[in-house]
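Please go over the structures that come below.
You will see subunit A twice below: alongside subunit B first, and alongside subunit C after that.
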Partner chain A sequence: MARILVADDAAFMRMMIKDILVKHGHEVVGEASDGEQAATLYQELHPDLVTMDITMPNVDGIEAVRRIRAMDPQARIIMCSAMGQQAMVLDAIRAGAKDFVVKPFQADRVINAVEKALQ
Partner chain B sequence: MNREYLDAFLAESTENVEKLEDGCLELERQGPEANLVAELFRAAHTLKGMSATMGFSRLAELTHRVEDVFGLWRDHPESFQPEQVDILFQAIDRMRVHLEAISTSGSEPDLKDDDVMASLQTAFQAREPLHPSQKNGLEEDRARYATEAERQGKVAYRLHIQLTSDCMMPAVRLAMVYQTLKDAADIAAAEPTEDAVWAGDVQTTEAYVVVYLERDEIERIQEKVLDITDVARCDAERWVASRGSASQQDSRGKFASQETRSQSMSTTPAESAARPGSNDSRPDRSIRVSVRRMDALLNTMSEMVIAKTRLDTIAAASNDPALREAVERLDRLTKDLQDEVMQLRMAPVESVFHRYPRMMRDLERKLNREFDFVMTGLETEMDRIVLEEMGEVIVHLLRNAVDHGLEPPEVREQQGKSRRGTIRLSAYASGGHIYIEVADDGAGIDRARVLQSAITKGVITPEAGASMSDEAVYELLFQSGFSTAKEVSDISGRGVGLDAVRDKVESLGGKIRIDTELGRGTTFVIELPLTLAILPALLVSVRGQTFAIPTANVDEVVRLREADVRYVQNESVYPSGDRIVPIIDVAEWLGLGVRRWVFPQTAVVCRNGEQKFVMVVDRVLDELEIVNKPLGRYLEGVRGFSGATILGDGKVSLILDVRSIGQSA
Partner chain C sequence: MPQAVLPEVLNTSFEAAKVVFPVPFVREKLEIVNQYIHSEELGVLIGLTHDLQGRLIIEGRAPVFQALGVAMYGMELAEAMLESFVGEIGNMVAGNMSTRLAENGIHVEISPPTVIVGSTKLTGFVTAAKVPLHLENIGVIYVILILDESE
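And then the complex of A and B:
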């Protein structure tokens, strides 16, 4: 049971992730549609975990990871990546993301990653 | 050479050669998939290491070349060409030759492998020279790392990390692994390198890392690594600076030096066990036992069953309740023990079937056929000895299926069938029997051709042929010296014919029949008893002698009334169900004399396949489990008996062979 912030520019993807998380007993405390909003909401809400899309307008997911980790070095962030974004996922991991899941999402993979990150 | 080492070496090497063979078949199907190639590489590497340790330098050299090939495919999968696998098969065959020679003589055979080496060289020339030394899990610098760690007052471990095969973005996972390792230890070396991983420049799902630890807390580190998503295995091997010789650098497995401590951990045993060729983490551990000892155990068990039966008789005759109770308990325990021992005798058919895919592949090429070979029911267990005896029979039927069953691809196309045929080998258990089926979707058996051939050979007359049922016609195929193949090919003509197949099956107490449909295919169905050693039987008395009839052959026990017996052409018959079956007086048949029947006369309705007859006996004594003992060589030719058993009172009783008695009816 964790408080989670979901960042994705597509409302549909946010809904999908939210469904998965809520179904497994987690609470989605906020939704961000770009990296800038994600960083702002993180500061406001102090969630236990963030799921972060990589490609987003304005500030992308990787930059958002850097900003959030600068505010909170303990921040737990899971990247949501499309196939073929390996280089960017590597950047995100280097920037401090804990794990990644690849779209299309499989519920058990998402939950598995969330639970591992929360340990 | 120490025989114990040699045996261990041979057993393990054979396993690895089998792994190579299975893996190469897999390679042909799915190409150089990373995990598969890694597994093959390891198998070759292990073989090389063991052979070198044992001083078999030629075998070591050969396996070394093969290892290079897998190393090449691992690093450059794009260079893979399916034809190259053929050459690997040649090399694998040569390894077997080496191992067989080593097994017989205990020393390395004087074999020149130049031909195979040359083939390997030619096929992989494009990439020569290979640099496998950079790619064998950092082994070659083992001593250096171990010494360096010691100098720093640390301990060195070589970690072997394996990601799951369906892992997405393996480079990222490996990056996460390296990051985790870095938090807890110094990374002295890594393969692939850290730079390559962070650049996303790797496709492999496997990595080797040498780490130096301040304290020996390798298990904690392994756990952390295993906690990363998609990490399937993380094996650690402690590297200790070797004192004196460097000869142990390449040793692993059973031949690992005592200074090497291996620790294996796996997140998902089921998953890694499910991977072909991986047997590191099977849930059930097993030991090797020689067949001779197994047989000795079984034999003692059989004798014990006899002794127990005798005790049963004594207890039944006495009025001592305590004795009876003790015997009853002993009875149950003996049964349990017997089940266990019988279980030991059982082996999954896979242990024999596993060599067929390779053989079928070779046949496919040699005979220019195209087909898929499908095996099902590999886990089906049956009597080890029956299974081994069946090996050759199945080989023959499979060869037949390829050679005579399946049409050439062009012919199939002309007939509107798919170009590729299917040959299916299946095993399953049903109703106290094991069934093995060899099925093809080929031309089927042509009744007219079989008849024609039989008539030409004078086996039957044209008139008889016209009225024969299909079953009876196919039965002709099993007669000795009968073959419809136009010429004897070097494939099916080798060794035995269908008559030998049937003899073998029947000598094991089994039956074989053919289902076939012209143009649609042929299926050989073999029915075998679950076990040979102990069988339920009916004891009957004939002229004061006791005989056993296997219950499998008994339909029912009847009391013949005078009105039941009819006469057809002076032969007595009995209406059983909707059939009229012949009556045989077993006393007469056995030459124990003729006598009058006393109605109601006791008789046993016997059955063997489709064949059915009534066997007149004096009395039915008992139904019990008997131990089947072979008759021995000088009684082998005697018709009417399939074996002997020792009864509870110590007397010998012959087991009646229902088949041969029925055939005379």
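And then the complex of A and C:
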């Protein structure tokens, strides 16, 4: 079981991701609705993994990955975004993300990415 | 350029909708709308920037989005969670559209969704293309695309 922080500006999507994670035995220790809150909560909660949306108000997900990785170079972060273009995926991976899940997604895809990142 | 690429962008939004919506749909006749758009009950607006400036709006009746929520996730959604779901529908369609346009060399960034609740009049554009999509066993939603002329 991993302690996971879920960052997405849509309450509905946070609920969906949380549901998938909890059904597979993980604990969602925090929820963030923008990138700034995600970085703040990462520092407070030290989760094992973060799921991160990209298009969010204030601070976007890729900038949040940079901030979190600057605090903790070992941070494990998976992007969950509707924007799947190659340039966006490369930006996320360069920023330090471990995987990139494109919305709409199946639960299995999220769980596979989480388990792979936790190995 | 913007009006010249409108058919391509609109078609790409339908391709994106096919990925997001789990049911077949029929595109009805395109309507060119001038001056204002009336969002009847519930909708989402996504800003488009970079190579294209404009807005993508998806709007419809709450029961249609509720039925879509059941078809997509098996959930009866209401109130704030239904509104958030509608925002995410806009994000997924616009995000997928942006991904597809990038494959054709058109770089479009999308804004976080602005959810429109209640009977709302939207102004501040010259023309908009509005297409009803009839989702099988669900109902009609409207895809509206506004492309601003660049200066």
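Going forward, the second predicted complex is superposed on the first by the 115 of 119 C-alpha atoms of A that agree within 3 Å, B and C clash if a C-alpha of one lies under 4 Å from a C-alpha of the other, contacts with A are read in each partner's own complex, and residues count from 1 in each chain.
The rule is short, and it goes like this: a residue touches a chain if its C-beta (ideal position, glycine included) is under 8 Å from a C-beta of that chain, and two chains touch if they have at least 3 such contacts.
Quick caveat, the model's predicted, so the values are computed rather than measured.
Considering which of subunit B and subunit C touches more of subunit A, the answer is C. In the superposition on chain A, A:Pro57 makes contact with subunit C only, not with subunit B.
In the superposed pair of complexes, A:Arg3 makes contact with neither subunit B nor subunit C.
When the two complexes are overlaid on their common chain A, residue A:Ala87 makes contact with subunit B and with subunit C alike. In the superposed model, A:Lys116 makes contact with subunit B only, not with subunit C.
Across the superposed pair, subunit B and subunit C both touch subunit A at residues 81, 83, 86-87, 102.
The residues of subunit B lying in touch with subunit A in their complex are 168-169, 171-172, 175-176, 179, 198, 200, 227-229. Put simply, subunit A touches subunit C in their complex at residues 9-13, 15-16, 55-57, 81-88, 102-104. By the touch criterion stated above, subunit C contacts subunit A in their complex at residues 19-20, 72-73, 77, 80-81, 84-85, 87-88, 91-92, 94-96, 98-99, 102-103, 107, 110-113. Of all residues in subunit A, only 81, 83, 86-87, 89-90, 93-94, 99-100, 102, 109, 112-113, 116, 119 touch subunit B in the complex they form.
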